[in-house]
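The first chain written gets the first letter, and so on, giving A, B, C and D; residue counts start at 1 in each chain.
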Amino acid sequence: MIIIMDQHASRENIDDVQKKLSELGFRTHPIFGEVKTVIGAIGDKRHLNTQEIYTLPGVENIVPIMKPYKLAGRELKQVPTVINVGDVQIGGNKVVVMAGPCAIENEKSYIDTAKKVKEAGAEILRGGAFKPRTSPYDFQGLEEDGLKIMAEARDITGLKLVTEVVDTRDVDLVASYADIIQIGARNMQNFRLLKEVGMHKKPVLLKRGLSAKIEEWLMAAEYIISEGNEDVILCERGIRTFETATRNTIDLSAIPVVKELSHLPIIVDPSHATGTWKYVSALSKGAIATGADGLIIEVHSDPNCALCDGPQSLRPSKFSQIMSELSHVANAVERTI
Amino acid sequence: MIIIMDQHASRENIDDVQKKLSELGFRTHPIFGEVKTVIGAIGDKRHLNTQEIYTLPGVENIVPIMKPYKLAGRELKQVPTVINVGDVQIGGNKVVVMAGPCAIENEKSYIDTAKKVKEAGAEILRGGAFKPRTSPYDFQGLEEDGLKIMAEARDITGLKLVTEVVDTRDVDLVASYADIIQIGARNMQNFRLLKEVGMHKKPVLLKRGLSAKIEEWLMAAEYIISEGNEDVILCERGIRTFETATRNTIDLSAIPVVKELSHLPIIVDPSHATGTWKYVSALSKGAIATGADGLIIEVHSDPNCALCDGPQSLRPSKFSQIMSELSHVANAVERTI
Amino acid sequence: MIIIMDQHASRENIDDVQKKLSELGFRTHPIFGEVKTVIGAIGDKRHLNTQEIYTLPGVENIVPIMKPYKLAGRELKQVPTVINVGDVQIGGNKVVVMAGPCAIENEKSYIDTAKKVKEAGAEILRGGAFKPRTSPYDFQGLEEDGLKIMAEARDITGLKLVTEVVDTRDVDLVASYADIIQIGARNMQNFRLLKEVGMHKKPVLLKRGLSAKIEEWLMAAEYIISEGNEDVILCERGIRTFETATRNTIDLSAIPVVKELSHLPIIVDPSHATGTWKYVSALSKGAIATGADGLIIEVHSDPNCALCDGPQSLRPSKFSQIMSELSHVANAVERTI
Amino acid sequence: MIIIMDQHASRENIDDVQKKLSELGFRTHPIFGEVKTVIGAIGDKRHLNTQEIYTLPGVENIVPIMKPYKLAGRELKQVPTVINVGDVQIGGNKVVVMAGPCAIENEKSYIDTAKKVKEAGAEILRGGAFKPRTSPYDFQGLEEDGLKIMAEARDITGLKLVTEVVDTRDVDLVASYADIIQIGARNMQNFRLLKEVGMHKKPVLLKRGLSAKIEEWLMAAEYIISEGNEDVILCERGIRTFETATRNTIDLSAIPVVKELSHLPIIVDPSHATGTWKYVSALSKGAIATGADGLIIEVHSDPNCALCDGPQSLRPSKFSQIMSELSHVANAVERTI
C-alpha cells in the first residue's frame, strides 16, 4: 500500500509512520515529492488494521495496491469456476436459465408453472418459501410447506431448485431441500448468514445488494468461500439509483467487470432489476450478449393472482417465446442456451 | 388508492378493474378524462395485494393515497413518542448523547473511555461486541466477552448501554446485557431480526440502511412495532451517493421529514456518516440545530489503536470540548443537552 | 391530474381547491375516502402552473396523469421516427455505428483514424472540436480548425460527421460543418443551447445527463422539437451512481423504456459510459441485443497519445474485430449493422 | 502521482513507463512489491495529460497525489476569502442571508417582497429574470424587464442583487444589473459560461450541480478564478440521490469538507434542496450551526400565485420569524446574522 502524507507533515511524522510500518512487518520506501511525501509499504495488507496507520499524525490517505479479496479474485485463480448442480453446469459455455414464480403460493399453480418452464427450456426452478417483504403486512411465504412443494416439483420435472434463505436458523432446513441456496439482495451483507451458508456444501446464489459496490459484492463472496464453500454464483439484480422509470437500474457493466476481477460465474435477474415484465425480454438478450452465464426470470402461470411481484412476472407462453429468441443471441456470442 | 388506466384501455378493461376492486371490498369512483380514465378505490389498502390489480389489462399505474405504515406514522398517533431508558428519556426536550468506541477491544481501554465520556456529559455508552465487517479478515468483535465488559462499564459509570445485534440467534443474549439494542444499517431490512427484537421489551436503535428511503426505514420500524415493541429510536447515519469526499452522505433533511411523518424520535450518527473525526463537530452542531433528538458519536481513548473505525473516532478531550459547544446550540433551539 | 388532500383538510379547503381548479378551466371530481379526499381534475395540465394548486391550504400532493412531454412522446406519434442523415438512416432496421477519436488533435492522425473506422464499417465519424473538460488546464479542442479537419475527413471517406457544440454562440458555425450536432451530457439541461439547435435543421444527438431521469431527458428533447427540429437522436452514455468500478453506470434498461415512451431513436455510448476500452466490446453487444438503434464508439489510432479519454479508446484493429462480432448479434435480433 | 502496474506487467513495461515519465519531465521512483510494482512520479501533474501514461501496456491505475485545483484550494491560499459586495461581506463572521422570490413576476409583488425581506434582515435580494425550466412550456422569466424591476427594488430597499445568467450571450447584460451573478446547478459544468463570468469583475454565486462531486465543483470554481475573477461563492443546493421524500438531498457535510479543501465561502439553499417550505426553517438552522457563511432562501408574498417553485417559498411573515430564530443559532456558533 501507499501512504500519502499531508503537505504539512513533519519529518518526524514521516519517521513515525515508517517506524510503525516496520513494527507491523512492512518494508518501507519513502518518496519525497516537491510538496508531499508518499511512503510505499511492502507486505500483505490483508492482515493489517490500516486504521493504526490512518490515524497517525500527518497521514492524509492510504491507497491499497492489492485487492481486499483473495479467494474470490483472479489474482490467485485465473481459470473461470464452473459450478456443477447435478448435471447442470453454471459458468460453462451453456447459458443457464432459472425460472419460476417469485413466491410459492399453492401446489397446483406452482407445479403447473414448473412444468411449463421446464418445457420452455429452463434448467433450474426458482421459488420463494421465505420471502423478505418491505411491509410486515405482506405475504411472507409458506416456509417449509413451500419447500415441500418445491421438492415435489423437482420430482415431477427433474428441474434443480434455487430458493432463498433469510435467517441463520433456517439454513439447515433450506439446504436440505434446495440445490442452490439463494442469498437475497437485502442480506448480501448479513455476514452471519454468509458464514452459515459457507459452512454448507450447496452452491450459493449471491445477489448483489441494492447499494453494493462490486468490490463489496466480491467481499461478500469471500465470506462464503473463506468458510470452505467455493461454489458461489453472483447475480446482478439492479442497483438503486435516482432513476425511477425502472424499479432498479440494471448494471450490465458489472458482467465484464466481474469477469475481469473474479473467476466466479455471474448471472442476471432482469425481472427484479426492472420490476416490469415488459422489459424482461430486451434485457435478457442484452445480458446474454454482454456475457452473462445465466438468467433468473420470474414466470407465473397467472401473474394477476401472484401474491408478490406480479407485475414483473411473465406468463409461460411469453417466457417460451423469449427462450427461443435468446438462443439466437447466445449463438451470436458463441454460446448455447 | 387511485388506479390510472392506460390511454388505450377499453371500456371493458375499466369495468373489469372496477369489478375486481368491488370483489376486494373497495368502493370505486371512475373519472373519465379526455385521454385517460382513473379509478378511485376507497378502502384500506394495507390488506390488499395491489398486484392483483396492477396486472389487469389496461392498468398503467397505481397511486397509493394512504401511507404504507400505520403504527410508525403520525396518522394514528400525533404525539411524539418519548422512550424511557431507565431515567434517560429519548425524544424529550433534552438531547441525548450516546458515545464510546466502535468496538470493545479490551477491558482497560473500554472502561477508561467510558469514564471519560460520562464525565463529558454522555448518558449512554456505545460499543460493539458483534461487528458486521466488510471483510471476513477484519476483527469481528469479542462477542459475549465484550458484552460483559460493557456491563462492567455500566456498573462503574452508571451509563446505559447500546450495542448491536447481528444474528437472530443472539437476540436473547444481547437483550440480557443491553439497555438499547442496535440494528445496524446493513440489517435494516433483515426482517427476521426486526421481528425478533420486536418481541423483546428493550428499546431498539434502528439505523437507516445505506440505500433506504425514509418510507422503507419507517416500514422497518413498523416491523418492530407490529410485534409489540413500540420503543424504536431512528438513527440517520448517512446514505450512499456518488459523493466520495465523505464515507456516506449525511441526510439531515431526514430529521424534519421523519418528524412530519412519524412520532418516533430520531438521532444522528455523524461519525459513521462522514467517516472522519474532523467533520464530527460541525455536523453534530448541524444535527442538533436541525432538530435531532440525540447523537451517537465514536470516542476512543487511543484512535491510533482502534481495531475498527479509528479514523472517525474522537479522542475524549476533543469530545469533551465538542459537548460544551453543543450545549450552546441546543439552547439556541430551546433544548438542553 | 389528481389532487390528494391532507387528512386534516377541511371541507372549506376542498371547496377552495375545486373553485381554483374551475377558474383554471378544469372540471373537478372529488372522491371522499375514509381518511382523505382526492380531487380528479380534467383538462390539459401542460398549460397549468400546478404550484397555484400545490400551495393552497390542505393540499398534500398532486399526481399528474398525463406525461409532461408531448412531441417527444408516443401518445401523439405512435410510429418510430427514422432520421435521415444523407443516405444513412438512424432508427431503421440497420444499426448505425458512429466512431472516431474523442478530440481532433491533428490532421494526420484524424484522417488516418477516419479511414480505418470507415473500412471497419462505421457510417458516421465522431470527433470533438469543442471539448467540455472538467479542468480548465486540460486541452479544450481545436475549435474551427478541428471542424475543418473533420470536413476534410468527410470529403476523403464519405463518412457523415457528428460533433459537439457547447456554446449558443457557436451553433451556426458547428451546424455549417456537422451532419449531426451533438449536445453533451453536461449540457442536456442547457435550455438555451437546446432551443438554439432546435432552430436549425440538422439532426441532434442528445446525450443523457449524468443525473437525468429519462423523463427529463425526453423533456430536453421536447425543447428541441418544440422549436421545430424533430430529428433528435437520444444517446445513453451512463449515469452517475455510487459504483466506481466503471466511470459511470451504463443504463441499458433506458433502451426499452425509451422505446415504450417515445418514438425517437436511441443509441448507446459504451466508451464514455464505462471509461475503459476493455468493457466496450461486451457492452456494445449488450446494447444491440437490448435494442439500441446504434452505437457511438471511441477509436483512436494511437490511444497512448490521445489528448483526452485515451483509456476508453479502442485501436482500429480492435474496433474492426468488434464490428464483425457485432454483426452476429445484430442478426440475432433481426437487424443488420 | 503514483502509477500502479498490473501484476502481470513485465520489466520492459515498467521501464517503458519510467522512460515516458522522464520524457515528460518527471523524476521516477519505482517500488517493487511482492506482487505488483508501483512507480512514484515527482513533478507537477496539472500540466500532464495522464492518459499518455494510463494507456501504456501494464499500467493498472494512476493515483494523483496533488489536488487538481490550485487557485480554489487551500494548498496555495490558507486564509479564508472574504468577498465584498458593496458593504456586505460574504465569508466573514456575519452570516449573510439572501432572500426573495424564485422568479420576478411583476413589479408590484416583487417590490413588496423586497421590502419585507429587507425588514426581516436579509442583505441580498434574489430573483430570477432568466429561468432554466425543465419544461419548454413553463414560464421562462421576464428577461431584461425582470432585471429592471430588480434594479428598482435595489434603489428602493438598498438590498444587493443576485440573479442567474443562463447564456454566454447574456453575461454582459446580467452583469450590468446584478451585484452577484448566479450560475445555476444545471450550468455548473457549462464551461464557456464559467469562463465568461470569470472575465467580469462581479462576484459569482456558483451552485453545486445535481450530481457534482465536491472536487468537480471546486474545479468549476477554478475555471472562473483562472480567468481572473477570484470572488466565487459556493452554494450547496442539494444533490440527486435515490431518496424522493425531498426534492434533492441536502449535503451539509459539504460545508466542513469545502472549508477544509478551499478558502472560498460557502452558503446553503435549503429551499431548492428540499423543495418544500416546511423544511426550510430546520435546515436553515442546521446549515448555520454546521458552519455555512450564508443562506439563500425563497420568500414570496403570495406563494399560491408563484409562477415557479411556489411550494418551496416562505411567506414573509414566516421568513421574519425564522430570521429571529436563526440569530440564536448564529450566536451559538459565535457568529452574527
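By definition in this document, contacts are C-beta pairs under 8 Å (C-beta built on N, C-alpha and C of every residue); 3 or more make two chains touch, one makes a residue touch a chain.
This structure is a prediction, so every number in the text was calculated from the model and none was measured.
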item	value
Contact distance in steps, from subunit B to subunit D	1
Chain whose average C-alpha position is farthest from subunit A's own	D
Interface residue overlap between copies subunit C and subunit D, same or different (over half shared)	same
Distance from subunit D to subunit A - Cα centre to Cα centre, in angstrom	38
Between subunit B and subunit A, distance of the C-alpha-averaged centres to the nearest whole Å	26
Junction residues of subunit B, two or more chains touched	211, 240-242, 244
Interfacial residue positions of subunit D with respect to subunit B in the complex	211, 213-215, 239, 241-246, 249-257, 260, 273-274, 278-279, 282-283, 285-291, 325, 328-329, 331-333
Parts of subunit B lying in touch with subunit A, wherever the complex brings them together	46-47, 49, 51-52, 54-56, 68, 132-139, 166-169, 186-187, 189-192, 195, 209-211, 216, 219, 222-223, 226, 240, 303-311, 313
Subunit B-touching residues of subunit C, taken from the complex the two chains share	2, 4, 7, 29, 31-36, 38, 40, 42-44, 63, 65-66, 75, 240-242, 244
